[in-house]
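Notes for the one structure printed next.
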Amino acid sequence: MATSIAILGSSGYAGGELIRLVDGHPDLNVGYLGAFSTAGKTLGSVHPHLRDGHRILGANDPEVVPDVGLAFLALPHGASSVPAMALLDRGIPVVDLGSDFRLDTPQRYLNAYGDDHPYPDQLGHWVYGLPERHRSEISGTDRVASPGCYPTSTILPLAPLLAAGLVEPTRIIVDSMSGVSGAGRGVQAGLQFGAVDESAKAYKILEHRHQPEMERALDLESASPVELIFTPHLVPMQRGILTTIYAQTVTGTTLDDVVAALEHVYQDEPFVSLVAGSPETRWVTGSNRALISVNLDERTGTAVIICAIDNLVKGAAGQAVQAANLMLGLDETSGLPMEGWMP
Amino acid sequence: MATSIAILGSSGYAGGELIRLVDGHPDLNVGYLGAFSTAGKTLGSVHPHLRDGHRILGANDPEVVPDVGLAFLALPHGASSVPAMALLDRGIPVVDLGSDFRLDTPQRYLNAYGDDHPYPDQLGHWVYGLPERHRSEISGTDRVASPGCYPTSTILPLAPLLAAGLVEPTRIIVDSMSGVSGAGRGVQAGLQFGAVDESAKAYKILEHRHQPEMERALDLESASPVELIFTPHLVPMQRGILTTIYAQTVTGTTLDDVVAALEHVYQDEPFVSLVAGSPETRWVTGSNRALISVNLDERTGTAVIICAIDNLVKGAAGQAVQAANLMLGLDETSGLPMEGWMP
Amino acid sequence: MATSIAILGSSGYAGGELIRLVDGHPDLNVGYLGAFSTAGKTLGSVHPHLRDGHRILGANDPEVVPDVGLAFLALPHGASSVPAMALLDRGIPVVDLGSDFRLDTPQRYLNAYGDDHPYPDQLGHWVYGLPERHRSEISGTDRVASPGCYPTSTILPLAPLLAAGLVEPTRIIVDSMSGVSGAGRGVQAGLQFGAVDESAKAYKILEHRHQPEMERALDLESASPVELIFTPHLVPMQRGILTTIYAQTVTGTTLDDVVAALEHVYQDEPFVSLVAGSPETRWVTGSNRALISVNLDERTGTAVIICAIDNLVKGAAGQAVQAANLMLGLDETSGLPMEGWMP
Amino acid sequence: MATSIAILGSSGYAGGELIRLVDGHPDLNVGYLGAFSTAGKTLGSVHPHLRDGHRILGANDPEVVPDVGLAFLALPHGASSVPAMALLDRGIPVVDLGSDFRLDTPQRYLNAYGDDHPYPDQLGHWVYGLPERHRSEISGTDRVASPGCYPTSTILPLAPLLAAGLVEPTRIIVDSMSGVSGAGRGVQAGLQFGAVDESAKAYKILEHRHQPEMERALDLESASPVELIFTPHLVPMQRGILTTIYAQTVTGTTLDDVVAALEHVYQDEPFVSLVAGSPETRWVTGSNRALISVNLDERTGTAVIICAIDNLVKGAAGQAVQAANLMLGLDETSGLPMEGWMP
C-alpha cells in the first residue's frame, strides 16, 4: 500500500516537481499540499501542468498536516526549522529541501548565513541526503537535509577523488552555470524574460552559500580541509546545471587513475554515469541522473571535471524522493525517472 | 504480459517520444527500433536522454522486424507505404505517424502531394487516428493513420461545432504557431539556432499539406464541405502548438451554445479540457492533453477558439500510443502522461 | 545645430530605445531625461547598454524640463495627458508614445478605456503619428499621438487596401504575435523567464485596447466603418511583431491588384517594403523598417497579409523619432536605422 | 573622403557585422563584398537585415577585388593566407579576422593546427590586432591578425596583471561561455535550435585553438611563460562571451592592487571599463565595449576576474574596424558603437 506524504511549499518549482514525481510514484501518494500565499487555491491555478488540478492547497502549517508517513519541506531558507521540528515531534520523518540543516555546527551556520540557528542542537544530527555518499545513514534516520543543486553537481565528482587522495583539497575551482529555475519562482526584476534571455552573468561571486555547504560535505571525504572557490553563473535556460571543476591532481596521478576512482564508486549506481567529452544538460533534463566527464591537463596536472544535472530533479525534488525511498525502506529508484525529455 | 512493439524511424523527435512513452508504458515494451542512417548505432548516441542507451538500432526494414504485436512508423512523407503494407501482410497492425494514409481518395492525395499514391486502393481504408472522434473504428482496425500535429489542434475544437451545426463550414481561418520540433530533426539552415531564436515567421502560406488533411477530416463532421484558410507560423520554442481559429457562427448562436457543444463532447474525455482565457502551451508540454478555450465576438458573430497541445505528444507520439491502446484492447489512457513539465 | 529634446519615461524599454536613437541622431541631442522611481539615479544603472551612463535621470515633471525643442513622452497609459498639456502650454511640441491621445472622441475613449478623458476637447486634435499615412499633418502640428505597436503592423498593410476599396472593411481578422518587450519593463509574474520561455499564449482576447485604435485609424481610410477581430499572442522572444491579417477581397480582385495597390503607395517610402513569402521578425530587429507580404486564397477570395516590425523601433521609438523629424523640419529618415542586427 | 574597403567572406556572421559597421562608418565605405557559395547572389538574400540589399556579392577572389584602401578577411581557418598575400602584393593593407597569422612561429602553428603554414616567413611579422595592447604597432603596419573572440575576453583583463607582475603566469584557469554565433553560420547538427536551446555544454576541452593564441599573446606581457587551462562552453544565446578567470596572485597582492593596475591601463581607453559585481553580456550586445570586474578570494589569494564582450563586435568585426581605423590614420573610435541594444 502506498505511503501518504505531505509537501510544504508546493507552489514553487521544487514543490511542483515533488508533486509530479510523487503523483507518478508507485509507492507514494500525496496526502497533503501546503503553501503560503496560494493556500486555499487549487493546484491547477498554481501548477497548470499537473494532473488533478482541482486539489486544494492547504497552509504551510505543520499542525494541520495529517498523519502522513513522511513530509517534504520545500520552503525558503530559514522557514524549515520550525515546521521540521514540529513534524518530527509528531513522529513524521522529514526531508528538508532547504538549507536550514545542511551545515554541521552553529559556528559554520553563523558564518554562512549571518545569524544564529534556532535549533543549534540539531546541527550535525541531520543526515546530508546524498544517497551515493550517505546511503546507510539516510536509511536509518528520520531527518534528512537534502543537498543544494550546485553542491550535488560538485560533490558527486569530487568526493571519490578526495577520498582516494587523487586531488589536492585546496584551491579547487568550481565554476557552475545554472538555468533560471534555480533561483526559484519568486517574482524578481532580475528574473524577467527581458533581463535573462540572451544574456549570461556571474552572481554572488565568492559569497554564495552553497560554497560552505560544499566544503562541509567534502571535508567528510578528505584527509585535510577542503578549500573551494565557487562562481555560479546564470544562463538563459529553464533547467540544468553544468559544473566545471578544476582540481590539482596529486603528483603521479594519471587520467586513468581518476577515471578508475570514479568508475569504482559509480559503476553500480543507477543515477550517476561517466561519459566521454562533455555532457550536455539537456541529456538529463527531467531525469534524476548525473553525468560526469573527466579530463586531465598533463602539462599542469589539472583535472578538468564536468558534471551535468537537472537542478530541479537530481538537484532538488528527485534527490529528495531518492532519500525518502531509502528512509521508507522502498526501492531507492522507485518513482524516479531514468530518462528525461528532449528537445 | 506486455505487448512487444516495433518503432521504425526511431531517431527523429517523434521516434524519441515514442520510445520514451513505450519505455514507461505498463503494457507495452520496445521489441525493435529501426532507423535509416543511424542503424547500427546505439540508442544513447541518438537519444542521450533515454534509458538503456546501449540498445542498438536496426534498419528501417520491415523484413527484419520481429513478430511484434504492433508497429509504429515515424518516417518521412512517402516512406511509410511500403513498410506499412509489408507489415500488414505479416499480420502486424500498424500505426503510421506519417501522412501517407491520411487522405481518402487518390485524387485528394494527388492534389495535396503532387504525385500518385503507390497503393491507391488503400486510401479510405485507413482509420484516421483521432480517438476522440473515431474511437470505435480505431478499436476495430489494424491500420491507423495518426493525425498531423496542426490538424489535431484544429479538428478537436472544430469538429463538435461543425457536427452541431453551430459554425459555418466556409472561410474558417486557422492560424497556428508551432515550436521548432514540428519541423523534425533533419539538419537545415532555417532551423539553426541563429535562424530561429528571437524571431517569428509564417511559412508555407496557403500551401501547407495539413490543410487538405484538416478539410478531409472535418468533411466527415460537416453537412457541407469545409473550407479552411491555414497559416502556420514558426516561433522560437522547442515544443508546442497554439492554434487560433476564427469561425463564423450560425445566426443566433451564443457563447453558451458553443461552450455547451464542446462540454457535451469532451466532459468525459481524459485528454481534452476546456479552459477559461487562453491556454499556454507550457501547460501541456510533455503531456497528452489538449486545452481549448472559446470566445465569441458578439459584434461579428465570430467564434475565436484557441487550442494548445504538445506537438510531439498529443500531436504525434502520444496520440499514436492512444490509438495503439485502443487497437490492442488496452485502457486508452495506459502509459500516457496526464501531466507535463514546467518550467 | 542639433535640437535639444526631452524624454519623459526614460527608464522603460521604449525610453531606452528613444535615448539610443537620439544619442545617434545627427540633428537631435538629449537635453533632459525624466523618470519616476529611478529619478536621481544614473542612466547607466537603468540602461547599462547605453553610452554616457553617468547622466542623471530627473523627475517626470514637466515643470523641471528645460526649454527643449520637443518632448517625447513614453509614459504608462493615463500618465501622458497632464505633462503633455503642460509642455504644450510652454510651447514645447510633444510626441506622445502612449495611448492618451490616439482616439478621436470622448465616447470612443470611454468605450476603450472605461473612464473619461481629462482633456476631452483635445481628442481629435492630435495627429495620429503614422508618417506613411499622415505625413503632411504631422509636419504641421505640435502634438502627435504616436501609434501603438500592433496598430502600426496592421494599419500599414491594410490602409492602402481599404483606401483602394480592394478589401471588405468588415470581419477583418488580425492575428498578431509579439515579443515580450511589448509588455513593457514592469516586473510581473507573467513576464518572468520561467513563465514566458518555451511557451506561447494569446491574451486579452477580444478586449485589447489596440483594437479600437486600429478601427479608428482605418475608418479614416475606408468608405464604411471598419470591423476588426484582433487577437494578440505572446511568444518567447524579446522584440518583434508579426501580424497576419485575413481580409475578404472585393469580388474580382486579383493578387496583382493587391500587390499593385501596396506597391503604388509604398514604392518610395524609405521604411516600408514588400517582400515575397513571409518576412521574419529578425530581418527588422533594431531597424525602423516594416516588411509586408501578400497572398491570396483564390478559393475563398481571402487576402492573407503579413507584416513584420520591431515593436520598439517602428512600433514605438523609431516611429516617434520619424514624426519628430517631420515636426522639426528635418529629413524624415535622419537618425533612423535602415538596418537591424542579426543574429 | 571616405576610404573604400573590401570584405572577403561577407556571408558569415562576422562578415555581416563588418558590413553593418562599415555601412554606418563616417570614413569608410564598402567597395567590394566577396563570398564563396553565395557569390552572385544579392546581399539581401544573405543578410536580410542590412540596408541596400540589392548589392551583389562577388567572389572571394583577391584578383577581382578593386583597388581599395584596405581589405577585411573573414574567412574560415586556412583560407586567409593566399588572398592575404595576394592583396598585400597589390599594396592593399589587410586585417585578417581569421586565425592564419595570429601565432608567431611555424612550430607553434604546427602544434596548434596540425599542419605547416603555407607562408612560414610571415609568422611573427603580422601585428596582433588588440589596440589596447598593440596600438602603435597596428598604426604602423599593413598586416594585422585580429584576435579571436575568447582571446580578446581573456587578454584584456590578464595582460595588465601579468605585465605588472601581480598574478602568477602558471595554472591560470580560463572558463568561458559563448553564444552560438561564435561557432559561425555554417549548418551543423550541433547548432540546430533543437540541439542548442535550453542546454549548456563544454566543448573542445583542453584542445581549443584559442588556448595557444592566448598563451602566445600573454607571453608578450609576462616575464615568464604563461600556462593557461581553457574550457569553452556553449550556452543558448546568440551573442556574447562571458569569461571567468582564476589566477593566483603574487603574495602580498591586494584587491586594490589588482583594481589599480587595471584602472591605470584602462582609465582612458574608450572601449574597456571596470564594473562592480559581474557584467552581463547583454550590457555590451551590439557594442564594441569590454567590461571587466575583479574579485579576490582572500583565503586562497585567487583573483576571480570576469570579462564580458560581444563576440561579433569587440570579439570580431568591431575590433577589426578599430584596428583598421588605426592603420588608416582615422580616429580609433570612428564608426564603432559605444552603446548596444537591450533587450
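Lettered A, B, C and D in written order, each chain numbered from 1.
The definition used in the following text is that a contact is a pair of C-beta atoms (placed from the backbone, for glycine too) under 8 Å apart; a residue touches a chain by one contact, two chains touch by 3 or more.
Since this is a predicted model, take the numbers as computed values, not measurements.
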Identify the chains adjacent to both chain A and chain C in the sense defined at the top.
B, D
Please identify which chain has its centre, taken as the mean of its CA atoms, farthest from the centre of chain A.
C
Please work out the Cα centroid separation of chain A and chain D, and write it as a whole number of Å.
39
Chain B and chain D, separation of their C-alpha mean positions in angstrom
47
Could you please state the distance in Å, as a whole number, between where the Cα atoms of chain C are centred and where those of chain D are centred?
37
Note: chain C residues in touch with at least two other chains are 13, 180-181, 194-195, 197-198, 236-239, 280, 282, 285, 343
In their shared complex, chain C is touched by residues of chain D numbered 13, 16, 20, 23-24, 47-51, 180-181, 198, 238-239, 280, 282-287, 338-343
Seen from chain A, its contact residues with chain D in the complex are 170-171, 173, 175, 177, 179, 194-195, 197-203, 205-206, 227, 229, 231, 233, 235-240, 242, 244, 246, 248, 277-282, 285, 293, 295, 297, 299-300, 302, 304, 306, 308, 343
Listed in rising order, the residues of chain A that touch chain C in the complex are 13, 180-181, 185, 187-189, 191-198, 236-238
